[in-house]
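Consider the two complexes below, in which subunit A is the common component and subunit B and subunit C are the respective partners.
Right after this comes the complex of A and B.
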């Protein structure tokens, strides 16, 4: 019992950290709530409502409906006319697969308040959960026409396009994200991956340059390093490649291999193997193989 | 501890600055009374002004805390795709989580593991 009362502040700080970092550790949230915070809820003050929302969503993930209902009733008690709480209720219907009820609530919210961005996003999610990806894409593009600066929505749209294999449109969405944060190596890497997937010599070139930029910004980004290695190897073995670019590509692939083997030795990870690195260099797409 | 030292340093700097300003004003009124020309402030007042300014600036920077890294990419290096890819407004709930629910209910004490790991 004493251990718990010492820890509740740590749990609260941990929850705050998870809220800011967008971590989706629902089991841990629900467990920690049940063991620690539920008994100390009164001490949380205003932050308690944010914690309730966080626990509510985590409970929906784990399908613990009693906890979810408890959180929702407490929030409803405190904020009876709130749009945000109504939206959480719609989320609960979504989790119970009562999609029509959820859509009704969301339409009501949107009618009352045209500027409510979050409810429109929930509508997109409902279409996505039902597997109606095309409608979800249409709804999301309409949303983005109004709220153009919403980074989350652009990321979601790029994922939806990737699931439909519309590489050009997905690349366009990631370009929007890169405009917002040009120094984020993860967006650069994602763009390079889409271009690499599209294939063809010009796209390989673009992919290689974006992988190189991502690796430059973060030399610990293993995925960017592997991407650099693979694209430069493919470019060098491609017949369309002029000899100067071939030399460049070979140098880049050697640099990437060196970085990877350095990271491997510093991490001492058993998953990495020098054989894998050597093997990567021999990887060819079927048509290009001359061996 | 260093926080209170920094606060006192800052306070001392401000007080010395005010004192230097007061003595400069007093010096000028003295010159006016004795009908002397005002060319420049005496050296010790200038020295006191500069010293108190430096003291106050030092105190403020100590109170303000650690500086953030100026290179933006260093800050971003710590982010992982696992968390960046999460879009809280678009969470769906029709995944396999609800099948695991009975198993979750029979587990005990695993939440503490996450607490200690962090």
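Right after this comes the complex of A and C.
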């Protein structure tokens, strides 16, 4: 238990790092708070309010309601009319599953300040945590009609659509993300996966090119390499494929296999056991008349 | 033109104090303008428009990374004649006349008060306190037309135009130190003379 010997200043700096990097180490935050910072709260000054908010959210994650209530009451004392504190209160109701109360508070905030983006996003999470995905999607699309440049919201919407298996709409959302960061190989790979799941020759073509781009940007992206291998093998064995593209596809699949075997040999061998490779082979969609 | 030798007391008790006074008053003005600055309220439509502009800019810059159909779909969303976002959204023309817009009026008033009033007060005090002698000499020769500007309060026909009196030195400082404020206080400080006088 070396945490007890940690100086409160180190803990404070650690919390600041986690705040800036958006890490969600809720249990660590709550433990460190209980052991170290709760006794030194007065010394934190203005940063203390940010720390309180961080600890509050972590406490909600771990369902430590006393700590959460303590933080909230302190914040309420200091900032009695603050929209931000009200939003935290709505989060507490959400954690206690009092969804109606939470929705009421959020509606109040939105009525007072229409441009408050964070409250609208909290409404979406309330619907999502109740499992009402359709309402969550509707709320999020209304939000995005106004705030169309919000990357986080597009990401969330694409996840919701994938869970509902609406591939076209999910692809639309990921396209928005790609507009924001076209060189992020993870977005490219996600887009290619959606296209590959949709199936059909044109989608396979698109999927292959995006997998190739993702693999080009990061040759260590194993999912992209596997995706490249599978799509090019599919395209090559498809009847619609012209012969020149067939040759291309075969070359690409060979390159992907080479990369994969290189990575396999350089990495820990248990990561790429032969069973996994066999399993991947079994996952290939059969060549039906649809293609 | 004779070479004038100035009392070295002028250096300590006039030249440097005027610089210090101008600088410190400038910093005070900056903080004062921060305190009385009104909170800018944003409208929902403004936010929506700015986000739409960001999205369309991204489409313009990074559109080539999307499949053709996706790009065309988005371009149609923004630009189509009958239902494009940029074609159908009407915005009221902003009132350019500051006289009728109350918010702009109060901002202009605050700007004037913060900037001009201290300048007048301190300029007058300096003129009263440090009158009747020259303070410094600019290191380059000037024509005679600069004499009334640089030698307020010292009317001597034979005096070289390079010699500067204390009131003029004060005004030179006010305008000259503004670039130093942007170093010290960062951009967008209270010294920005954006007021439409």
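Throughout what follows, the second predicted complex is superposed on the first by the 262 of 291 C-alpha atoms of A that agree within 3 Å, B and C clash if a C-alpha of one lies under 4 Å from a C-alpha of the other, contacts with A are read in each partner's own complex, and residues count from 1 in each chain.
Note that a residue touches a chain if its C-beta (ideal position, glycine included) is under 8 Å from a C-beta of that chain, and two chains touch if they have at least 3 such contacts.
Every value quoted in this text rests on a predicted model; they were computed, and no experiment measured them.
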Contacts of A:84 with subunit B and subunit C, given as first, second, both or neither: neither
Dominant toucher of subunit A (residue count), subunit B or subunit C: B
Touched partner set for A:40, first subunit B, second subunit C, both or neither: neither
Contacts of A:149 with subunit B and subunit C, given as first, second, both or neither: second
Contacts of A:7 with subunit B and subunit C, given as first, second, both or neither: first
Partner chain in contact with A:63 - subunit B first, subunit C second, else both or neither: first
Subunit B contact footprint on subunit A (complex, rising order): 7, 10-11, 14, 17, 21-28, 30-32, 34-36, 57, 60-64, 91, 94-95, 97, 118, 121-122, 124-125, 128-129, 152-153, 155-156, 181, 183-186, 217-218, 220-221
Residues of subunit C defined as touching subunit A within the complex: 42-44, 47-48, 51-52, 54-55, 58-59, 62-63, 65-67, 70
Subunit C-touching residues of subunit A, taken from the complex the two chains share: 114-115, 146-150, 171-172, 175-176, 178-180, 182, 206
Subunit B residues touching subunit A - in the complex, by the definition given at the top: 72-73, 76-77, 79, 81, 83-95, 97-98, 100-101, 104-105, 107, 109-112, 114-115, 118
